[in-house]
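Chain lettering (A, B and C) follows the sequence in which the chains are written, and residue indices restart at 1 in each chain.
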Amino acid sequence: MDILFSSLAAGILFGMALSLVALGLTIIFGVMDIINFAHGEFLMIGMYTGLLTAQAAGIDPLLTLPVAAAVGFLLGIVCYLGFIKFLLRGPMIAQLLGTFGLMLFLRNLALLIFGPNDRAVHQGLLVGKSFDIGLGIIIPATKLAAAGLALAAFAAVWLLMNRTRTGKALTATALNPQGARYMGIPTERMNALAWGIGCASVTVAGALIVNFWSVNPYIGLLFTMLAFAIVALGGFGSVPGAFFAGIVVGLITELPGFWDFMTYTFEFDWMLDVPMISFKYMWVYVAYFVIMVVRPRGLFGWKH
Amino acid sequence: MPLLDVRNLTKDFGGLRANDAISFALDKDELLGVIGPNGAGKTTLFNCIAGLHPVTAGQIIFDDEDITRLPAYEVARRGLARTFQVYVASGDLCVLENVMVGAFMRTRERAQARRRAEDILERLNLRELAGAMLSELPVAAQKRVTMATALGTSPKMLLLDEVAAGLNPGEIEEVLAIIRSVHRDMGITVMLIEHVMELVMNISDRVIVLDYGRKIADGHPRQIADDPKVIKAYLGERYVREHSGEVT
Amino acid sequence: MEALKNAFDFSDFPRSDLIIAILVGAAFLIFPLFPHSAFAIATMIQFFIFSLYGMGWNTIGGYGGQVDLGKAQYVGIGAYTTAVMLIRWDIPFWFSMPIGVLFSVSWSFIIGYPLFRLKGHYFAIATIATSLVLKDLFEVWDFVGAARGLEISPIKYAPPDFLRLIFREDVYYYYVIFAFFLLGILYMNWFRKSRLGFQLRAIKDNESVAQSLGINVHWAKIKTYAIATAFVSVVGSFHACYIKNIEPEDTMSLNLSILIALMAMLGGAGSLWGPIIGAGVLIPLKSYLKEWLGASAGLVGIDLIIYAAIIMVISAAEPRGIWGLVEKIRRRRSR
């Protein structure tokens, strides 16, 4: 039983951090229909930013979030104005090709600067601490804090999108770029803003995740794929969809835990032979594929 | 035996009824015009007949066969070809190649497809444009190319979707001549949609009028032009009231 | 007969292009006869391999406009079929290669059927997902060596073994893959003019219009996907015999899938010479940048940074690839 609850808790907490990773992707996709292969690389940059700022300034990694957000925001805007803007004029395959180039560029730049080794946060207020909340659930403090702050960041972005003039202009650009332009909305600036917000939310997610996940230059791709899966499950461009789909994907990554639970609870010996832990992320892809084919609008298909 | 027999065709989009129990039949040697104001359901009717939209209710019989549930490519293979109103061609097929795609429906042989395509281009006065890209052509030529492409499939019947929209009077004359030649010389049954009323009146043997998804009139062009229901649909309630007052 | 004539008919290209093609082909033919480094010939073999991958991708991705980012799974199926059959049952390449194609094509039909109900971005990401699932399965499947992969040990055989395609000198591999390369070009030259080729280009243009011209769009895509798959699988089988050491990470990774698509896109998707030009630029660039900057100068990653920057510039400035640029210049000149 313990293992069941622990897996549930771990899945939900990790899922909340993941939904923040996917949030940026879904905002960018919603506003301008582009798939960004470099998304995971922005997460990696956020992770390094969190880690290095904490080390340099001697503060807790959780306090570096504003720095990560600022770095991400600037990076997003620079990427948009310097590169993505030109890609949008071309066909879809140019966008895939171009953002793949961006991914390769950022990844290898990180490799050149930071080297290939894993780096992790070793000290901090919460590192190594955990709460035992009964029922055998032990929650690492870093994960809990990450989930909580992810939730807060999510709420902030949601408020920005739905309660401010700028957010409404963004939504208008997403729904009908041409119409928005006729209404006097500077769509070009809105696109840049979407990249800024999108990248800031993913770098913040990176600074949170680095507290319990070590970083190396190759980390990006895994998270890009997870974020694609979340965005697809939640419905492309849907902000609330991304949140719930993030939790679903978080739970899917905990399938090995559920598998162990079934194995021990019902004593199915054959289940022991399946190396479930190796399939940790495979189920995410399987879920993506099946849901795309069966329900192309996403699991929660409530876009517009 | 009519070539095309549409019975109680109904099409809903969500809560919106785009076609409401439309029935009509079309003989082999007829040239039928479909008119109606914008949003009357003309293009929806076409798409339903051509198998692009699944119909909500009703039946479509073509050449003694029920084609109601057939996908678009099966409908095309049975000899019912169509053109498209807005043709967005981003690709890299030139005019000749476009027509060859149509011709490839009836043959696997490249040489044969090419001969057929060249023959059609000749008939539609497009020969000198054979090597041009569709996107480089003026609208009038584009419209002719879409007709040529549809004719490439050697159809029994051709559905023309607003082939005269956006053309100047001279170009419209040219298109009319082509439609007549397709109908008379090639022996192809033609059904055309147009919201320019004069054009349809000029060329059609028979006209049906749609308004708000319903068929409100069906008959000879001259009859249609005098039908108060049709005038009302086109010009509005008030116009009819004022002018009928004048007559009496 | 007609098909064969079409395959050899290049008459729609300008004569200057054909002269260049023949000269380059002749240079490829005699290249190994001149003194060369082992590195140069290995790079050439990689060039042929990736040209063929790119040609395969070009059928569905270039002519059909369906951005497929999962081709590596078929490299894997081909490579593993050949390696497993050779190691376990001593079945030579020329028998295992068609069997590999059979496996690949069967798998492509199974996943192609649902896959092609998706369009655009959704399709592209779904192809990645299927490829990654297969890779994850191979990484734990003991029969194929799991994550360690398989190794063909050449000592057991007596090179040059033409039946098993086990050689000690690269020059043999060079001519074998060169022959495949020529066959690939002839096939592609036939394909682009065939009925299916025309149908695909119409589908890329506009699917509704294609339907109305009697084309079963879904089925045409699945068929072409199978053709692309067969191409990739054959070369995957060759790859197993040539490299002799295959792992899921090398043969089935997303990087490989994307690299395959990149060849065709960079050279010019939807053109006969595109994938070849793309591979001709990218493969030597990649190998030599790595050799000069990466390995010898000790700057890890800088080769790939330059490589990535080139990809970015081309995708932003000329999305139709190098061949698109050539055609643009030509059209401007003819005016």
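Following the convention adopted for this analysis, a residue touches a chain if its C-beta (ideal position, glycine included) is under 8 Å from a C-beta of that chain, and two chains touch if they have at least 3 such contacts.
Note that this is a predicted model, so its numbers are computed, not measured.
Asks: Which chain has its C-alpha centre farthest away from the C-alpha centre of chain C?
Replies: In terms of C-alpha centroids, the chain at the greatest distance from chain C is B.
Asks: By number of C-beta pairs in contact, which chain pair leads?
Replies: A-C
Asks: If I average the C-alpha coordinates per chain and also across every protein chain shown, which chain's average lies closest to the global one?
Replies: C
Asks: Report, in whole Å, the distance between the mean C-alpha point of chain B and the mean C-alpha point of chain C.
Replies: 44
Asks: Where the centres are mean C-alpha positions, what is the separation of chain A from chain C, in Å?
Replies: The answer is 32 Å.
Asks: Please work out the Cα centroid separation of chain A and chain B, and write it as a whole number of Å.
Replies: Averaging C-alpha atoms per chain gives centres 50 Å apart.
Asks: Specify, in ascending order, the residues of chain B that touch 2 or more different other chains.
Replies: Correct list: 90.
Asks: Of all residues in chain A, which are in touch with two or more distinct other chains?
Replies: 91
Asks: Mind pulling the residue numbers of chain C that touch at least two other chains?
Replies: Each of 65 in chain C touches at least two other chains.
Asks: Can you list the chain C residues touching chain A in their complex?
Replies: Of all residues in chain C, those touching chain A are 61, 65, 67, 69, 114-115, 117-118, 120-122, 124-126, 128-130, 132-133, 136-137, 139-140, 254, 258, 261-262, 265-266, 269, 299-302, 304-305, 307-312, 314-317, 319.
Asks: Can you name the residues of chain A that touch chain C in the complex?
Replies: 33, 35, 83, 86-87, 90-98, 100-105, 107-109, 111-112, 115-116, 217, 221, 225, 228-229, 232, 236, 275, 278-279, 281-282, 285-286, 288-289, 292-293, 296
Asks: Would you tell me which residues of chain B are touching chain C in their complex?
Replies: Within the complex, chain B contacts chain C at residues 50-52, 71-73, 76-77, 81-82, 84, 87-93, 97-98, 100-102, 104-105, 107-111, 113, 149-150, 152-153.
Asks: Given the complex with chain B, which residues does chain C contribute to the contact?
Replies: Touching chain B: residues 2, 6, 65, 193-195, 198-199, 201-202, 204-206, 208-217, 270 of chain C.
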